[in-house]
Each structure stands twice: as structure tokens, then as C-alpha cells.
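Multiple structures follow.
One chain, subunit A, links the two complexes that follow: it is found with subunit B in the first and with subunit C in the second.
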Partner chain A sequence: MIIVNGRNKLEWVEGMTVQDVMDKMGYDYSLITVTVNNEIVSEDEYDSYKVADASDVKAIHLCHGG
Partner chain B sequence: MSSKIKITINNKEIEVKKDSFLLDALRELKIPVPTLCDHKDLTPTGSCRFCLVEIESRGKKKCVTSCNYPVRNEIVVHTNSDRIKKHRKMLAEMYLGRYPNVKVIKEIAMVCGVTESRFKSEITDENPNACVLCGHCVRACHEFTQEDILDFAGRGINRHMTMPFGEVDRHCIGCTSCAHVCPTGAIEIIDDLNHPNDPDMIKNGGMEINAEMATLDKDQCRMREVGTANIVDVMNAYDLLPVRNYRFGCDDETPNIGSKTLKAKYITQKVNDACWKGCSMACAKAVDNFLLRTGPYAGDRVLVDGPEYETAAGAANMGCFDSDFLMEYNFYCDTYGVDTISFATTMAFVMESFEAGQITVKHTGGMELNFGAIDESLELLHQMSRGEGFGKEVGNGIRWLQNKWIKEYGADEKFLMDIGMQVKGLEVSEYVSKESIAQQAGYAMANKGPQHDEAWLIFMDMVNNELPTDEAKAEALYYFPMWRTWFGLHGLCKLPWNDVVPTSNKDEKNTAKVLGHVRNYFRLFEGMTGKTLDEKGMLAQSERVYNLQRVMNILLGFGERKDDIMPYRGVGPVTVVEYESRKERYDTNLKEVIGIDPEGKSIEEKMKIIREYRENAYSNLMDVVYRRKGWTKNGTPTPEHLKKLGIDLPEILKIVEERISTEK
Partner chain C sequence: MTENSIFSRNVDGMTEILTRSCIGIAGCGGLGSNAAVALVRAGIGKLILVDFDNVEMSNLNRQYFFVNQVGTKKVEALAANLKSINPRVELEIFNVKIDPESIQELFGSADLLIEAFDKAESKKWLIENWSINNPNKPVISGNGVSGIGNNESLTTTKMGNIYFCGDGVSDLTMGLCGARVAIVANMQANLAIELLVSEN
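Up next is the complex of A and B:
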């Protein structure tokens, strides 16, 4: 089990990447900062960065518009 | 998706991103390579040829300009082979022969081991500020401000940089980007702006934004490409787009009015409009030759200025997922001077009231006003402008209609007050705030009425969960309205603050504040006025005005606690269909947040529990926010607070003291 944004629980699966987490959460916004256990993951690492079980994942959406 | 490629440079191995430019890898390895035409914020062109290196790719050797050579396969690179050294020397001699006194040329030549040139001739230019044809200015004019005033003309030795027909082009906006990037000082800007205290400070800040727009916007918000219409797609994806009077947050038909459709079918102009000539963000878009179907200009082809996000989202709110309708209502609202948000939100209210039987054709002048009633909506807009019929009544807005229908038609007061999306008499703008209590407060507590431009907190609160406590929410509901007020105070646009975000923002403590850009605005202020500004100073400037606005609200009869509350439609499900459409979300909410098992309860019961819970939570939040703002529980600025802000003038104190004496 991993926790996304301190609130959403996601089933952990072997080999899960940041991109998998983003897909599962439906996060396809263009201004997101991702951290896994407080470490920043850059966008070009999303599909290679492996998320360990019990990780604390944050996908911080910046507001724009308005 | 990106993949990495291993390359070897001067016998050292390095992994680089596919399609990145070779020069970036050289720089990362700190391998010196002379460059002239390359610029960190501009698209490389490979024109000066100083950065030439030798590569071996698939067994073949060749020379390439590293600044614009994209790495696509495993290559071996030599930056210092005899062939390259010879080439550089020759090139340096040629440049030095032509521009013997230009500082950058002398420096590059030195790096190439050249101090004297054999190539002096009749085209030698002794000017130390000679133009060396690097092309920075041409690209800056194109990429930073999209003005395209400069280009090269002539061939061979006659090649030179110029404006069209060799004359000073009156379309040049004097943005100074070209002079800023010129490495030789060949361009001199002669202007007499507003006599700022420190023009360079302003220019440097401006150039930072220019460069970000040129390099980052295409992958971030695409403001240049489609403008704010990009938000339609985002809001639909996050269930935040108001659909059929804010009942739902997305719809299968949204792509009809989404940015792809608008771009493919309509937008013909992608430049800044009269908003601010030369703005490098240029979010304003325009549609040429749009054929109108209705109204006084039916049959004419016109230019439509827009559409912006709110206007497109308004179409969804009316259930009119029709892009031609969007253009037409956009055009006529602009032409008649009607606000598209107020029109769309009022129409959405009228449509729901009609479908719910609160009003009938008897009241609408015979019109069937169901959601999606395109022709009828346009007709009402025309009636509004002529001051006739039901359209005239609609033009008075939701609050007026609620009063009339309740008093004169005996309509259901509670229902109309729940679904009429207005606060303080102003219609709510186009975002669904149901799942974000902070956004509800951002809307309802805004002094001017429910405009999102005081505090747009949906992502911070609902998606990011960055505001877990009432205190954190109250802090955001204090800071952001002050920051947004500050833009208004100085007549500055908000979009360059967070519609493009510097790459370094990831490392900031508080990403939502986009502090890099906040500091940029402060520099702009200092460059203009000569006075330094920091967060504390900014807050002080804004808070004075903000509190005066609140006093104004009190005078006008909209400055109390009861005026800072969102209609329930913006808080939770008013109708059974809303609950059912997001049943899982609400049931989970009951179970996990409220702590009540939804099992075996009717939808009506569940709706009642949620309503009580949410209204209560909102009321608690209001207390904390008022306290943070230095106001009483009824939302009145205290005399002590006004004194602290230095605006305790007798006439103002009188207003708040009178109000406070009636409180409690």
C-alpha cells in the first residue's frame, strides 16, 4: 500500500513506477511536482523510478489560470 | 517517455537524454567549446560554426555543429581533434579579420589560439560594436515576444540584420529583448519610457519571463498556443468543470468545446491583443471570419476575441456543448458589454429552474429553456441587449430573479437559494467548488463577490491535500487574496506569476507561492519606484486596501458573515441525481471523513448528514479565517486591526464601531 498526497491509498504492485501512480490517480496535469519519500522525481524519470511499498508519494499540482 | 543514450566524449562516457543537444552534454562535462550564435534561452541554429565537433556514428566520421545536433544514437565525440582545431583557427581568423575590435570575437579567437588575422579586407569593420550576425536578436524578437520585426537580408558579404525595407518599423514595441541578447552592443534602444528608477532591473526581470515563455510554456500551460482554453481540458479531467449549473464536474461532450477543437477549428490569431502589446505570454486569442447565425449581425463574418476558459466553461454550465454557439455567445456578450460569466451562470440557473418546474413557458415568454437550449439562449442575449422580454429580466442576474420568482410566482425558496450560484449578488465563476472547502471560502469570502481570482485553492486543498487544518486553510485564505490584491493595486497581470513556472520552483519550500516569480514582481516594483519590497511590505500594502474594501462592503450592505456563505450547490449535492452521479465519493466521504456508515441509509438521509457536516465545517473555518484577518466573528475589521494597518481614520472607525455595537 502506498499513500498519495497523504490521503489516497493505492494498492502497491511489484515494479510500480511513478508513471503508474500518476496513471492510476488520473493525474495528467502539466504542472506537477512529484516527490517520493520527500525526494523530488523529475519528469523524465517517471517511467523508470520505482516506487517502493509503503512509500509516501506526493504529486503537488500547481494552480494556473484564473 | 524519454530514454537515455550512452555516448563517449573525448574517451569519457556520459548518459544523455535522447534528442538533447550535444552541446549540453559537453557543457555538463565542462569540456570547453567556443560558441557565438548559441544562447541558453533561444533555439540553436548552428550558424556561426564555432561549436563544430567531430563524431563517429555507425562507423562514419563527420563534423557537426554541437549546439543543434540532437543525440539520437550512441556516438563517439572528439572535440579537440586536429581537424577541429584547424577548423576553429581558420574560422576565428576570418571573424577576427572582419570584426577586429569586437570584444566577444577577440575572446573567442583567443580561445581558438588566434590573436592576429591574415584576412583583413575592404569588408573589415573596425566598429567595436559591429553586428557579427549571430542572430540572437532575430530569434529573440521571434521567440520571446513573437513580434518578428527583425530578420537578415542580403547574401554573402552583404548579409545584414534589418527591419523590413530597412526602415524603423513602427510595429516594434520597444521591448528591448533584441538589445538584451546582443553580444556586441550593436543594437541601441533609444526610448523614453516612464522614467523608471532602474530600467535594467526591470529589463532583467522581464527577460527572465520572456525566456521562460520561450522555453517552458510549450510543455506547461500552452498559453501561447491555446490561451486559457487549455484549462477546459484540465478541469474536465479533474471533475471540476461546471456542467449543467454546477451539478457535475465533467461531461463526455467536453471535447466539443475543449482546446483541441478550438485550436483546430477556430483560433487564427495567436498574438497579444490590446491587453498589453508585446506581452510574451500572449494568452489572448482571436478567431477570424466567424459567420454569425443570429442577432443584428446575422450573416456577417466577424472577428471573435477569445474564447477564454471561463467563456468556454460557461457553455458547459449551460449544457451547450456546441463550439459555434460558444463563439457566437462570446461575440455577442463582448459586443453588448455583457460579462460571459454572469450570463452563463445566470442562464444555468434559469435552465435548472425551468427543468425543475419552478418557472414555465408562462414566465419565459414562451421559450423552452432546457439545458442545451442554444437558440433560446442566444435569443435571450439579444433581448437583454434590447431591454425586452424575459431576456431583460435575466439580465438582472440571479439574485433579482430569485427574489421575483419567490415573491411573485411562489417558487420554492430553499431550492432556488440552494441552486442560484451567486454570492453578494455576483454570479459565481466557472469552477466546481464542492469538494474543496477552502475554495468555497475563497469564493464566498471574496470581497468583490465569488470570483476565483482572490484565492484559487482547489488543487492545494482537494488534490494536493496541502491544507489539512483550518489554520492552514486560513493562512492560504489570508495570503493569496492579499497577493492577488497586490496585482490589482499595481495594475499588473497575474498570469506571469503562475501560468508559467520556473524549473527551480520544485526546490522551493512552498511551491504554490511560486516565490521565484514573486521576487521578480518585487524587483519590478523596485525598478520602477526605487523602493525595495518584501513579503511583509507587499502584505501591508494589500491589507490596507483589502480592509477598506471590506468597510465598503459593510456600507453597501454585503459585509457580514451571512454574506460570506456559498449557496449549497457549491458545497455539496442539492439533488438526488448529483449524489447518485458521485455516489462512491459521497459514500466514502460519509464513512471515512464523517465517520458514519452509509449502509442502509436512503440518499436523502445521506445528503442531510453530509450537508450538516459540511455547513458546520464551513462555519468553523469562517471563525478561523476571520480571526486570521483581524476581523470579528461577524466579519467586521476591528478598530485595533485598522489602527495596526494605519487606516484608522475617524470616518472608517465610525462605520466599523457602529457595526460592532450591533454584533453579539
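Up next is the complex of A and C:
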């Protein structure tokens, strides 16, 4: 089981990548910042970065304006 | 006037720590200019200010500039305004467009980075690059500042050493209001001060 954004539980699957987590959560927008266990995952690693069981995954949507 | 008297009403212990601290500010618009003012008033020792833009009339609804500065470089105008608050603050200014390759060269010496860009795409690469190269140094992003009111939606989200201040949803197509943008800029500055003081 992994935790997404501190509240959503997702069943862990062997070999699961960050992109798999995003797909399962329905996060289809590209302007996000993602961390796994408080470590940044850059966009070019979403497909290859393996998420371990019991990981704490966070994804936040970035907004224009400043 | 003695400059030290500027900080005589500061919280005990903060001035000494801030005086020897350096913060980088990426973008000197609505978020960056207002955060910089708050940090200088708090007693920050050094700021690294980077922006490639000039001051425009449409900036004056939310950015810390004045009519007589329209047409001048933002970093130079902001530096002048900050020096008017505390002449002793050390300012390193760069009138350049930041790209992923230059982040470390520009801001590598800073203790902490304030992300104050306008575009979400730019926020993304700035946060990612900073965090990969400086995993132990915080970055504080302004995220969701548009519209008016809705104070209760403005919060801070922590993801390791990455912090997001704002409502996390509003988009600039709603328009930007100085009152709300400055709240978030001051949330960023307030958090930066807290992080520096708590770890020293």
C-alpha cells in the first residue's frame, strides 16, 4: 500500500513507477511537482522511477501567476 | 539614524541569524518584489535577485515598484527600493533570464530559494533542478495567488524541502490582485525566516 498526498491509499504493485501512480490517481496534467518519500522526481524519471511499497508519494499541481 | 535600530522591534534572536543568511529570489514580480521587501525589513543580510524584465505600468497593481520606475530594469528598481529600507543590505542583482542550466551558478551560494516565477512551466523546472542539486536547501514556491478574497484557502504544503504557499488551484486567467499576491509573497518570506531561524 502506498499513500498519495497524505490521504489516498493505493494498492502497491511490483515494479510500479511514478507514472503508474499518476495514471491510477487520474493525474493527467503535466504541470506537477512529484516527490517520493520527500525526494524530488523529475519529469524524465516518471516512467522509470520505481515506487517502493509503503512509499509516501506527493504530487502538487502548479498554477500560473506570480 | 543607526541601521541597527531598524530591527529593535524584531523577535529575539532572529536578527543575528538573518544578518548572516542569504536568500535567492527567482523572479522579481508580484511574489519576488514583495517577498524581498519583507525579508529586508526582517533584517536579511544578503539577497540574490534575478529577473530579466523591465517595470511596466501594469505591474504597479501588485509589484513593489513606483510610477517613476516604469521602463527601468526590475532588479535595479527593486535594489533601489530595498536599499531605501536598509542601506546595509547586501544585494547581488542579475538582469538575466534564468534557465535550468544557470540556476546553480546564480543561486548556488544561497541558503534558501524563493520561487517567484509567473509561469507554471518555469516553476516546475526551477523546483526540480534546485531540489536535485540542493536536496538539503529549501525552496519555497508561490503557487495559486490569483483572484480576490478567499483568505482561508491560502495554506502551506510541505513536500520534503519543497514548500508551496498559496491556494494551489487559482490561475492567472482570473486576474491578479495585489492584496492577495502580497499575502502569498509574505507567506513565503515568513516561512523563509522561520526555516532559517529554526535551523540555526
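As a convention for this text, the second predicted complex is superposed on the first by the 63 of 66 C-alpha atoms of A that agree within 3 Å, B and C clash if a C-alpha of one lies under 4 Å from a C-alpha of the other, contacts with A are read in each partner's own complex, and residues count from 1 in each chain.
Going forward, a contact is a pair of C-beta atoms (placed from the backbone, for glycine too) under 8 Å apart; a residue touches a chain by one contact, two chains touch by 3 or more.
This structure is a prediction, so every number in the text was calculated from the model and none was measured.
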* To do: Pick one for A:G26: touches subunit B only (first), subunit C only (second), both, or neither.
  => first
* To do: Scan A:G15 for contacts with subunit B and subunit C and give back first, second, both or neither.
  => neither
* To do: Report for A:R7: first if it touches subunit B alone, second if subunit C alone, otherwise both or neither.
  => first
* In the overlay, answer first, second, both or neither for which of subunit B and subunit C A:D47 touches. => first
* To do: Would you sort A:E39 into first (subunit B), second (subunit C), both or neither based on which partner it touches?
  => second
* To do: Using the superposition described at the top, list the residues of subunit A that contact subunit B and also contact subunit C.
  => 31, 33, 40, 58, 60-66
* Structure fact -> Listed in rising order, the residues of subunit A that touch subunit C in the complex are 31-33, 35, 38-40, 42-43, 58, 60-66
* Structure fact -> Per the touch rule, the subunit B residues reaching subunit A in their complex are 1-2, 17, 219-222, 228, 230-231, 234, 237-238, 309, 429, 431, 452-453, 456-460, 463-466, 468, 498-499, 501, 505-507, 511-512, 514
* To do: Going by the contact rule at the top, pick out the subunit C residues touching subunit A in the complex.
  => 27, 29-32, 116-121, 123-124, 127-128, 131-132, 135, 141-146, 157, 159-162, 164, 166-173, 176, 181
* To do: Over in the complex, which subunit A residues touch subunit B? Could you list them?
  => 5-7, 26, 28-31, 33, 40, 44, 47, 58-66
